[in-house]
Amino acid sequence: MNVLNEWAFIGMFAVLAPIFPALPIVIAWLFRPRKPNVLKSSTYECGVETIGDTWVQFRVQYYIYGLIFLVFDVEMVFLFPWAAAYNEMSLFGFVAGFLFIFLLTDALFYAWQKNALEWK
Amino acid sequence: MDEICTGLCRLMVDSGADAGLAQFVSLLVGVLLVSGVPLLTVILLIWIERKVAARIQDRIGPNRVGPIGLMQTFADLLKLLGKEDITPTAADRLLYNVAPLVSFASVVLIWAVVPFTPFHYGVDLEIGALFFVAVASFGTLAIMVAGWASNNKYALLGAFRVVSLLVSYEVPLVFALLVPVLLAGSMSMLDIVNAQSGMWFVVLSPLAFIIFYISSQAETGRAPFDLIEAESELVAGFNIEYSGMKFGMFFAAEFLHVFTNGILMALLFFGGWMGPLYYESPLIAFAWLGAKGGIIYLTTLWLRNTVPRLRIDQIMAFNWKCLVPLSIANIVLVSLALKVLQELDMAPRQLIGASFADMLPATILLLLINGALTLYLLGILRRRGKDARREAQAAPVQFARATAATAD
Amino acid sequence: MELNAISIGFVVFTIFTLGGGIGVVTTRNLFQGTIWLMVSLFGVAGYFVLLSAPFLAAVQILVYIGAIAILITFAVMLTRSVTRIKTRYIRLVPSLLASLALFLILLLGVTMPIFGGVSPEHAPATVASTRDLGAALVDENGYVVPFLLASVLLTGAMIGAIFIARDDTA
Amino acid sequence: MVPLWMYLAVAAALFSLGVFGALSRRNAVAVLMSVELMLNAVNINLVAFWRYSETSTDLLLNGYAFTAFVLIVAAAEAAVGLAIIITVYRNRRSVIPEEAAALKG
């Protein structure tokens, strides 16, 4: 199997994977009763009438967690090739990788110091 | 899978079929064979989950339909087929319907890179370990979409909390995943398993396994991190508006994800199919993998049914102030120690095919380092706990107020 | 262009990429815009696979769909004043004309065979692996300086963004 | 094999879409998304040139490594850009770039 054939397999898998859960849903769609009414299709909030828009304001802390996650996630772009090349790597390259991790730990440390990790 | 596909392809070409068509059909058969494994297990998993939960809670569990209740899932499936499927009028119809499909598909797609035995696997991607992390991120987005498309305050709030929980715990998960990749010097799942011929990675770095275990428990939204379905606080979380088969798909995706994580942990840390006599027959190898994955899966069920739920501020603090620094320290120390040993010629440069004797010095050193790190961490936690208790005793009212204030 | 897996993939990913892109610039609802952006970037990841850079494809999905999509969604929810914006576009006609002109110029550029040293019809059979990338990243003759600069940039971005976004009043 | 110019044409179209969005959208978040489109168009070009050049077999990974760096820059840009948008919104209740003149030099 050459490289692109592998990915043809993945592509086929990716096409079929949503079809598996879609099948029972479609079958259920054929069999299920359909008796919608206004109350049933209204938004469920424990029986209380919905007030205002759904898009209420959210706290900024969600964004900050997402932000720290993004930085660490992007770091993986470099750390995974680094780890894959680890066994044949020279000492210089190894130290460079260390420096990379160290610099990012700094950022985490800053966030910690500024209480940005607190759920407030 | 490879020889089956190639064999089938050759057979079709010989019998006069078009080469492109033959390739297409053989690929299709391969995909169906591989994806059949998770789809069949998920039916069994629902029964196991209910039975185990019942036993832990001193109940009997499903026992009416079929022998020891084995047909219960099919009965449930039939019931779900007859359920009315309500789409709220306020919902974004397209996204609302797509979200459960993506959620389930993202879990099934992981199985494309799972090697069942040394010779039976879907594909052995060069980037296998990264592949399943990337695929899992579709699941996170699906939850976000489900919460938004329902157009319901509780659903959106639940989705926000769950998504920030999921992304937070992905950081230690990926850092822990870096350890097997680094030890094997490859991202291919097959290479990672083969590199454990001398020593399982769980022995080389137990901390990496523990971090991976905890964060995958959080990734699947299981107790003590089960904010996804914090019934008492969020009504039902992001899937509040879902009903019938679509709700069932979110549920099935969660169950399958837990088992998939068990199998992944068996592959990454417990040597996959390695075990006595695994080379004799692919069936034995497959049984070893299934047994290891199954045992890890059962421990997650045990954990789920015995520990209480954490508050969201506790969950976040535990992740960012404990797991993330610990996982970074772990990867730094493991890579440093192994490099030093490699430079001193006391550890093999290539772990694939290394024997037990080759690995012995490295194992002892890495175990010592892991132990020291664990003890250091436990010391910090103990001190923290003592301080918190002393504060609580000194000013009980103040403490209670402070805790209430942090609790959202 | 004969019919095979690569050309089918190319057509599919083109639909994803450009369709998603059109969705991004036309949709009124910002959340749907985010989803369209992800569709488009998924198509780009598909191109990376076709171009034998699977590692970049995985990273593309990990970074964009796993992280940036979530971040944009959070930001959309935090800045909800969509109802205040009556019109979707400003200076619609000039920017349409400008981008169309740009596209035509670029199209003219890419269809002219002016690339020395590049064989535009056939790519080399073998390509470098992810491990080579890792080795090159930390090689003293490779990319070690940008590698460390990237880490400095990320640290700076994180510190800066936290400093800006932190709500001191709360 | 798909010829090189087809990849470049798609990238050009994607880039033009991004330019259109960045010039014409009113919402700052939408402008940011358009910028992401442009960056990705550049990435397609980088990888395509790398793949079709004779050097893609050696350690000369310029296109490949460059794409990784562009990804990093895109992420940093999104993080800081969105943080600025959130802060401006908090202070002025506006996500329209023209109305936020405080950052003008």
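Which chain is which? They are A, B, C and D, in the order written, and residues in each are numbered from 1.
Heads up, the rule we're going with is that contacts are C-beta pairs under 8 Å (C-beta built on N, C-alpha and C of every residue); 3 or more make two chains touch, one makes a residue touch a chain.
The structure presented is a predicted model; accordingly, all values stated were derived computationally and were not measured.
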item	value
Winner on C-beta contact pairs when A-B is weighed against A-C	A-B
Between chain B and chain A, distance of the C-alpha-averaged centres to the nearest whole Å	14
Distance from the mean Cα position of chain C to that of chain A, given in whole angstrom	17
Centre-to-centre distance between chain D and chain C (centres being mean Cα positions), rounded to whole Å	6
Cα-centroid distance, chain B relative to chain D, in whole angstrom	33
Contacts with 2+ other chains: residues of chain D	68, 71-72, 75-76, 78-79, 82-83, 86, 90
Shared-contact residues (touching 2 or more other chains) in chain C	6, 50, 52, 54-55, 59, 62-63, 66-68, 70-71, 74-75, 77-78, 130-133, 135, 137, 139, 150, 154, 157-158, 161-162, 165, 167
Where chain B touches two or more other chains at once, by residue number	125-126, 130, 156, 160, 167, 170, 185-187
Chain-to-chain touches, reported pairwise for every pair that qualifies	A-B, A-C, A-D, B-C, C-D
In the complex with chain C, residue positions of chain D that touch it	1-10, 12-21, 23-27, 29-30, 32-34, 36-37, 40, 43-44, 47-54, 56-59, 61, 64-65, 67-69, 71-76, 78-80, 82-87, 89-90, 93-96, 98
Interface residues, chain C side, partner chain D - complex	1, 6-7, 10, 14, 17-18, 21-22, 24-25, 30, 33-34, 37, 40-41, 44, 47-48, 50-53, 56, 59-60, 63-64, 67-68, 71-72, 74-76, 78-79, 81-82, 84-85, 87-92, 94-96, 98-100, 102-103, 106-107, 109-111, 115, 117-124, 126-128, 132-133, 135-137, 139, 142-143, 146, 150, 153-154, 156-158, 160-162, 164-165, 167
Chain C contact footprint on chain A (complex, rising order)	3-5, 7-8, 11, 53, 55, 57-60, 62-64, 66-71, 73-78, 80-86, 88-90, 92-94, 96-97, 99-100, 103-104, 106-107, 110-111, 114, 116, 120
Chain B-touching residues of chain A, taken from the complex the two chains share	1, 3, 5-6, 8-10, 12-14, 16-18, 20-22, 24-25, 27-29, 31-36, 38, 40-46, 50, 54-56, 58, 62, 65-66, 68-69, 72-73, 76, 79-80, 83-88, 91, 94, 97-98, 101, 105, 108, 111-112, 117-120
Residues on chain B engaged by chain A in the complex (per definition of touch)	2, 5-6, 23, 27-28, 30-32, 34-35, 39, 77, 80-90, 100-102, 104-106, 108-109, 112, 122-126, 129-130, 151-154, 156, 160, 164, 167-168, 170-171, 174-175, 178, 181-182, 185-187, 235, 240-241, 244-246, 248-249, 252-253, 312-313, 316-317, 320-321, 324-325, 328, 331-332, 335-336, 339, 342-343, 349-351, 406, 408
